[in-house]
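Let me give you the structure first, and then I'll get to my questions.
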């Protein structure tokens, strides 16, 4: 591997979470090109709902996570889990929130609970790989 | 009103919230008599889900409120709003949480948002009446 | 009460179940007048789904009850509970079926579980009153 | 009744639809006082969604009606039925739209179909009474 | 390419929409072999709901699309989008209909909105490829 | 078969059902490691709901199947279909139960009905392959 840069070297293999995020980014960009005021405003309103307000942003991401879980939307769960991990919630706190979703929404939520637990693991692995990568970059 | 005790004197008129709570208490008592282990355990699990854990109890009541709102259950909204008001959330915080429910769940949630706002008003009026009643009792 | 017929004599007071059944009958009659082939066929298909087939009719009424409970429709729950009671299911069997609905559908089903338990009580009371009425008629 | 104006004279008795509309107006006014930008924008976005656009406003009201029916929200059904009647749809067209909702959403929609048919009848009766009232006013 | 027929020559690569349509055709054929009168009638009723009636067929396909979107069923969205494109609706009209679904159903519909926009693009690309193929066939 | 053991020899190719079951087993094992009493109890309650009680276990699996179908959860449908096939229900009985789900839940259930029919075919093929494998083992 002498002298040739390999952009994927040392990177973890791509996961379903990476695929989903790429798809979401590509489609959100496509949707951004749509000339419809209602659509534009809806997306702006959606982003604004989780910003700091009477409640802290982190609490609202947790609300978004539980709402997504009881409504059983894996893509929405993945999005809000990413935000919740970024906001600093521990695994124990995320599980405690998802437990509320399980009890409110019932066993029909179990497949989405499995998905959510896997996503948390993927997010933690990504972060660990990122930290290791940064460390390796600093050392080299 | 000389000498005759009137138990309803000075009390606010009964509201739909009072009716609902009486009905819920009566039926929960009736359900408590049912000899089915699964039912008993489910109700125990439901209560336990909102107790202090990795997340504070108050946050979990807020999660229960938003889950109830997006799943569009007025009885559940009323129950969790009562718990949230007891936990000390302000009107501004409750509205900020319900705004997440509106955005996630859409305009189909609006009738339940109306219901929730009315319930908050009823809960605040009850508390104000309770405070006034206590004050009157102290003064007499 | 000599000589004057009182059609409500000895009858239990009207309940929310009586009101619902009258409303349903009145509206089904109104809907029967609608000249739309799709509507007519849908109602016929709905009735046919619970008739004796590869599965006995009683099992299919129980399926209809649990489907109605997890989809959280009180009117549908009341209808299928009436059919299930007519089919001879005991209270223990109905509760065991509703327990499946609670576990699958979660605590958001609890208000409908309360409603269902009350409906079973109303149906049993109606039957008891009917038996008492028949007995009184035989004795007089 | 000589010489004293009776504002309710000749008017049809108040219906559940009148009650609902009063409640909605009162609560929408209450909600209008809430100082939360997200809530304000959501209500504005909701109104805007049914205005003339690439599709005519009337078609979008019909879409709102069917969406409300399959999501099983009586208040939303009543609102959109009012708009659809104002937009000039005939009973036959409204039933044809509701038939799509029945087929897509299944028998669990039937109680809401009953409600919708009753609402159409109430709206037509109100209009007939209004026409009769105008005629009487012109003749007197 | 002398003399050897290549059936895939000049054809666009297979998409998820092609895969879905093949699967649906295969399974519908499998279901057609099932000897259950209720199933047969339900499928017939489903087809009939979108035929010309008091409302034009095209309007009913649009109703089916919005019902599918708020109920969050990608397969149903894809089916009705295909019908809507065949019925001649423009991209602007489809987006305007999907905007109603977004507002009624909330941000939980966003992943299905992304899916729908991608499906419209796939349907337009297929049509463009078909036109190009026909043109090439006419010219050769 | 000269000396080299081939564990996959004579086995049917892996299906989406095999993949799902592996994933479910892996994630259930992962979830079993989570130290949260509510989660543990919820999973225990879910298992217990289908055990012999006032109703036979097989009837409750059928209730679970129809509840899963009307709530439109393919993973839950697959799980309960497996249990129902193990409990001895015939294809005709399963279709008759799924017909109730179709009528109650509407055409939005059709994609899940397709999925369910395919799963029944996969389960029957697996059983046939298992029987053939056992027969071959006995004969060799």
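The chains carry the letters A, B, C, D, E and F, assigned in the order they are written, with residues numbered from 1 in each.
We take it that a residue touches a chain if its C-beta (ideal position, glycine included) is under 8 Å from a C-beta of that chain, and two chains touch if they have at least 3 such contacts.
Just so we're clear, the structure is a prediction, and the values are computed from it rather than from any experiment.
S.K.: I need the common contact partners of chain C and chain F, sorted by label.
M.R.: In this structure, the chains that contact chain F and also chain C are A, B, D, E.
S.K.: How would the chain B/chain E interface be labelled, same or different, where same requires over half of its residue numbers to be shared?
M.R.: same
S.K.: Identify, among B-D, C-F or C-E, the interface equivalent of A-F, where equivalent means over half of the contact pairs coincide by residue number.
M.R.: B-D
S.K.: Using C-alpha centroids, which chain lies at the maximum separation from chain E?
M.R.: B
S.K.: Measuring centre to centre with C-alpha atoms, which chain is farthest from chain C?
M.R.: The chain farthest from chain C, judged by C-alpha centres, is A.
S.K.: Between A-E and D-F, which chain pair is linked by the larger number of C-beta contacts?
M.R.: Looking at A-E and D-F side by side, A-E shows more C-beta contacts.
S.K.: With chain centres defined as C-alpha means, what is the inter-centre distance between chain D and chain E in Å?
M.R.: Here the centre of chain E sits 32 Å away from the centre of chain D.
S.K.: When the centre of a chain is set as the mean of its C-alpha atoms, what distance in Å lies between chain A and chain C?
M.R.: Spacing between the chain centres: roughly 45 Å.
S.K.: Measuring from the mean C-alpha position of chain E to the mean C-alpha position of chain F, what distance in angstrom results?
M.R.: Roughly 30 Å, centre to centre.
S.K.: Two or more other chains in contact with one residue: find those residues in chain B.
M.R.: Each of 36, 38, 42, 45-46, 49, 53, 67-68, 70-71, 76, 92, 95-96, 99, 102-105, 107-108 in chain B touches at least two other chains.
S.K.: So in the complex, which bits of chain B are touching chain A?
M.R.: Residues 45-46, 49-50, 53-55, 59-60, 62-64, 66-68, 70-71, 76, 90, 92-93, 95-97, 99-101, 103-105 of chain B touch chain A in their complex.
S.K.: Give the list of chain C residues in touch with chain D in this complex.
M.R.: Contact set of chain C toward chain D: 23-24, 27-28, 30-31, 34, 36, 38-39, 42-43, 46, 49, 67-68, 71, 73, 75-76.
S.K.: Quick one: which bits of chain C touch chain E in the complex? Just the residue numbers, please.
M.R.: 36-38, 41-42, 45, 48-49, 53
S.K.: For the complex, which residues does chain B have touching chain D?
M.R.: Residue positions touching the partner: 72, 92, 95-96, 99, 102-103, 107-108, 110-111, 113-114, 117-118, 121.
S.K.: Spell out the part of chain F that touches chain D in their complex, as residue ranges.
M.R.: Those residues of chain F that touch chain D are 70, 102-109.
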